[in-house]
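In what comes next, subunit A is part of two complexes: it sits with subunit B in the first one and with subunit C in the second one.
For the complex of A and B:
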């Protein structure tokens, strides 16, 4: 099978995945446990009983749950994702989502950078110092990373770098929130917009606000990445061609960086894409702790308010992101490793 | 470079991380093992003091900031700093209403009041406060007609004023009319002549019915007086209406009203670029709909309130900026308060003992902060009551009438109400943070005497009685065939429709709905269900014959289901819109009021008494009104119409730097315009 055929096949599969996700989420938000009035966001106290009935009929709210799904699907295909409740001032769900989404993207990008910047060297050093002290240290860090609850680690970071740094009279990092020194008005990504508009103070302040939440978010994935790089590196270092390279008298640096690392990084590079997608979707708790105005925090509020329209949109967008990230990773794999064929 | 050297290089990269984590580990171990601090942690002067701003953090966010649209406690807090009313409360008094923007009030006759307005006051946009502004503001409230952009609250606060001018429900939706919002309707509203301009600084308010509620109603945020020019300009911009054509060279407020009729979508709901349309001590600088941050700035030309009572004492500097921040995590809020980033934070009752000394409170009733540099104020009783509702006519989701109507049966209501020791739970579950309720009316309600602790509940903790009641209900089940039962509309329920039989062959379930996050309520209801289930098992000899359950649902869902009468019982609460007993009698006891209509209670005696109470209010006969209130409370208690729990109090956690603190309990908010910073 050619690569483009594979991509098309996966994209077709994506439709089925989304279909399945939407059915599940639809059922859980609209049909379980029972009866949040889904038309509540659409009606107005001024509406007459006939007008309310019209709204209910138009969106199929009076139909059985399986029929309601198709009404919802029809509305979505027309670009109508429904309205939110008072928690988001009744704005269209997609407007609320895309107002906050850039903040989550920014957070995830930084978390991914931290993951790679720390996880990668940790993995390499673990492999090179296999079963020696540095390896053990890295193992402890990695294990701590993926076994520490995100909210607890977030609080610890706030306690040390915000509170105690203040007590000690050291420059401290902001505990929560985003920068208030400007507004993202071009791309929606605050740092990028700060740089593009020349508002460097805003960009810098936003960067400072990002440090704690992005490190907190990255702490889980960097442990995973380190372990994967270590395993991959160890495997490569045992390959014949590495032995051959050494026996040819190549310098160890060349052996490691030119021959071993290149191949050992293949799984790491591909996994980074998955990490990024997971970080995007998994930022909910971090955003809550740090009051980061991303879309995860909004999803949490929507869940507490039983706002099915927003939860459906949130779930579907992240389903698309995860599926696409997997596809990109698979394709990337084929490019990086010529042995892989689809 | 050999393998060793490479390892060394990469090791360098790890040093930082290791140090970081070691520090973290050290701090954690330190906190886990340390003894209670013996010395006070000294922090530098907080940033909010040096910047002279007040930062308030809470997990709440605004809904609508237009005072004529808003109907939400948190919005009101922000509004009280920015807008003012003709009359308001004398500092922390919940009953003493004094002239505010008005200079004096004269009662011309039973339905006409003349307000002499203060001169020399300007709105934040620089325009003068005068009679036209009063006429404009009240008519705008009436003409928007209780709408909000989504209508999530049902009818908005406009009904509070509308009841004074449309008692028969001829014009306004909340009063029962079905208006068409056209030019003719606007003319009819203006023709009510609610506000008559006598001269530039004198207005007369014409009511359709006399009432003693007037001043309390006019002291609410919905009665805020706003700048007509700023309002019209901003709303025209917001809707992209032709401002120049319709409002220039002179403003035409009638045209504006025609456009705004029945329209709750106003610029002022989410004023991203701020507003300057009030006379209050602060104006809104900005509202960020992404971060929910609201910034207020001191209005330099603020008149100061009556006798300058709404400003700090002479010689003390006003706080220049107020920031309302959204911070959902309590732990982060607390850290911000300790560090000096936040001046004030919201603390839920469940978290109060992370801030105040629990033993001192429980044993001595003293509320003392355990955090250096932080003060705890309270408890301040607010006009609020919590209770368990019983729905007497439950319908199925398809709208059909359910044959199982447990709470149509007094015995089961009484059994449920007697299944828990409320005195005990208030101390040990609720940590004594509320005052037990005897009836639905909270202390402090106007007129004085409305709160009568002698009208005690019928129920009391008695598990033997619970057993007797359940046994009786089991052996002699309520049936429409053998008992006289009525639908909510007053018609008799035919035989065969209701059959409250429960047995192993015909198992039944009773569900108590409560919203997620209400941990205290959940805990108490769970205790009740444990007691009730145990007794039901022993009475029926079956585990399934009669089961009680707690159902936890997202906020709001229980009300949606309750309003459609689809659940057995649910937790309810009410905070007075304005401080007057009629604001309790209507929603709690009158059959068309909120809770009786949801719970399907239609008690003729209560309806008659309510009508008599309204008449007594019209006559200004307080003695008679209070007698009626007592009678209504007695009937409701005898029927176990509600299982009344308690009246909440408020607690305020503020930096010790904030001086001159006070709160008004009617709206449960502290007003920061009078406060200032001083070293504690």
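For the complex of A and C:
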């Protein structure tokens, strides 16, 4: 199979996945009578009974659940994702989503950078000092990373770096929320906008706000990366061409960085892509703990309120992101490792 | 009969060698000891601590009779800083009290069996469901395999936590429905894992030999292929156990708890939400317990994986 055929096949699959996800989520959020009624956001006290009836008829809220799905689908294809409930002041779901999405992107980018910056060296050290003390230390840190309750770790960071640092009179980091010294108005990403508009105070403040939540996220995922790098590095170091490189008298440093690392990094690259996608969707708890104004926290509120429109949009966007990330990673894999054919 | 004995002897020797390798690794030993300690503690919890402290008689439906207050012993060696309400009474609380004035250490001891029990159910049930679906589908191949593959695709396409939250919010708030919600999202990775295993096993010559001998498909699958392919599933389940405890308690923490007074580690931690700076111990100690339990199981699982994976075996 050619590469582009493979890509087309996967994109067709994406459409199938989107339909399945939307049907699943639609049924589970609308099919059970709890939470906000989906028409509640369309109605305000000044409307007459006829106007209310007209709204219900137009969006098909009086129809059976499987017909409602097609009404929803029709609205979505027209670009109308429905309104949210009172928790987001009844704004359109897509407006709420895309106002908060840049914050999540910013957080995920930072968390990914920290993950790679710490996890990669940890994995390499682990493999080179296999079963010696540095390996054991890295193993415990890595395992502690994914054994840590995300919410608990966030609070502990706040407690130490905000509360105790301020009690002890040390320079402390902000505990929660995003910076309020400016407004993101060009790209929506606060740091980038601060730099673009010359509002460096705002960008710096936002950076300080980002440190704790992104470290909290990264600590959980860097363990996975370190373990994968270690495993693939160990496997590569056992290959014949490494023995060959050593036996022809190359320095150990050259063997490791020029010959071994390049091949050992292939799984790490793919894993980082998947991480980034998962962080975009899975940062819910961290956003909740740090009151970070990202989409995860909004989705959590929507789920608690039973707001189907927002949950549908959220899960569909993340289904697209995760499937595309997997696709990109697979294609990247084929470029990095010429032995792989699709 | 002779071949059967030979087979078991070989398996036993393999297990013995694996145990020897595990014993050599100090981290795995530490993990095993800690995990064993917590399992023992869970079994003895109701003897060590009077369960009536957490489940008082005559207060059904999670109604709890005490007023909400957090205290910390005045004569304790940990100083939490300003803003902490100190307790000068005769009783000593090693880890302070929770918001109901109950001894936090006793509550944590009562919470450990709850967490371990539900996490065990979730892990075992989802591993069995995932393994069976994966094994049968990939052994049958063709359309069944394709359907199962596409279903797992859908489950992988959005974060498990979101799905579990949606399920839990439909099913209502109770520990049992939370368990069900987690099982519903936890089986697909096992299915994928088992599918890969069976795909490689069923091409091996011994399966062909069994077919030539006239063994039925069910016998080949359940008696030969699954036992040969089960080890990665066991390792995955051990590694997952910690993750299940974390996710279960995270859902409780986020507010799917039927009552704030139930002793469960996430629930106890949630008690301290909003009081992080004036009663930090309420969130610190339950979370730390969770970290230690989960780390112990992860150490065991990680060691098992190294030992059972012949490429990493040394």
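The definition used in the following text is that the second predicted complex is superposed on the first by the 338 of 342 C-alpha atoms of A that agree within 3 Å, B and C clash if a C-alpha of one lies under 4 Å from a C-alpha of the other, contacts with A are read in each partner's own complex, and residues count from 1 in each chain.
Here, a contact is a pair of C-beta atoms (placed from the backbone, for glycine too) under 8 Å apart; a residue touches a chain by one contact, two chains touch by 3 or more.
Source: prediction; values computed, not measured.
Engineer: Applying the document's definition of touch, where does A:278 land relative to subunit B and subunit C: first, second, both, or neither?
Structural biologist: A:278: touches subunit C, not subunit B.
Engineer: Who does A:167 touch here: subunit B (first), subunit C (second), both, or neither?
Structural biologist: both
Engineer: Looking at the overlay, what does A:319 touch: subunit B (first), subunit C (second), both, or neither?
Structural biologist: Touch partner of A:319: subunit C, not subunit B.
Engineer: May I ask you to decide whether A:138 touches subunit B, subunit C, both, or neither, giving the answer as first, second, both or neither?
Structural biologist: first
Engineer: Quick check on the superposed pair: does A:128 touch subunit B, subunit C, both, or neither? Answer first, second, both or neither.
Structural biologist: The answer is first: A:128 touches subunit B but not subunit C.
Engineer: Subunit A residues in contact: does subunit B have more, or subunit C?
Structural biologist: Result: the larger residue contact count on subunit A belongs to B.
Engineer: In the superposed arrangement, which partner chain does A:303 touch: subunit B (first), subunit C (second), both, or neither?
Structural biologist: A:303: touches subunit B and subunit C.
Engineer: Looking at the overlay, what does A:256 touch: subunit B (first), subunit C (second), both, or neither?
Structural biologist: Only subunit B is touched by A:256; subunit C is not.
Engineer: Using the superposition on A, tell me which residues of subunit A are in contact with subunit B and, in the other complex, with subunit C.
Structural biologist: 34-35, 144, 151, 155-156, 158-159, 163-164, 167, 288, 300, 303-304, 306
Engineer: Can you check the complex and tell me which residues of subunit C touch subunit A?
Structural biologist: Subunit C residues touching subunit A: 26-27, 81-82, 150, 153-154, 156-159, 161-162, 165-167, 169-170, 242-243, 246, 249-250, 253-255, 266, 269, 272, 276-277, 280, 283-284, 286-288, 290-291, 294-295, 298-299, 302, 311-312, 314.
Engineer: Mind listing the subunit A positions that touch subunit B in their complex?
Structural biologist: 33-37, 40-41, 43-48, 83, 85-87, 89-90, 99-100, 103, 118, 121-122, 124-125, 128-129, 134, 137-138, 141, 144, 151, 155-160, 162-164, 166-167, 169, 172, 175-178, 180, 183, 251-253, 256, 288-291, 293, 297, 300, 303-306
Engineer: Inside the complex, what are the residues of subunit B that reach subunit A?
Structural biologist: 1-3, 5-7, 10-11, 13-14, 17-18, 21, 23-24, 27-28, 41-44, 61, 63-64, 145-156, 173-174, 178, 181, 262, 269-270, 288-293, 325-329, 331-332, 335-336, 338-341, 397, 516-517, 551, 553-557, 560-561, 564, 566
Engineer: Within their complex, state which residues of subunit A touch subunit C.
Structural biologist: 13, 16-17, 20-21, 24-25, 28-29, 32, 34-35, 131, 136, 139-140, 143-144, 146-153, 155-156, 158-159, 163-164, 167, 227, 231, 234-235, 278, 281-282, 284-285, 288, 299-300, 303-304, 306, 311, 314-315, 318-319, 322-323
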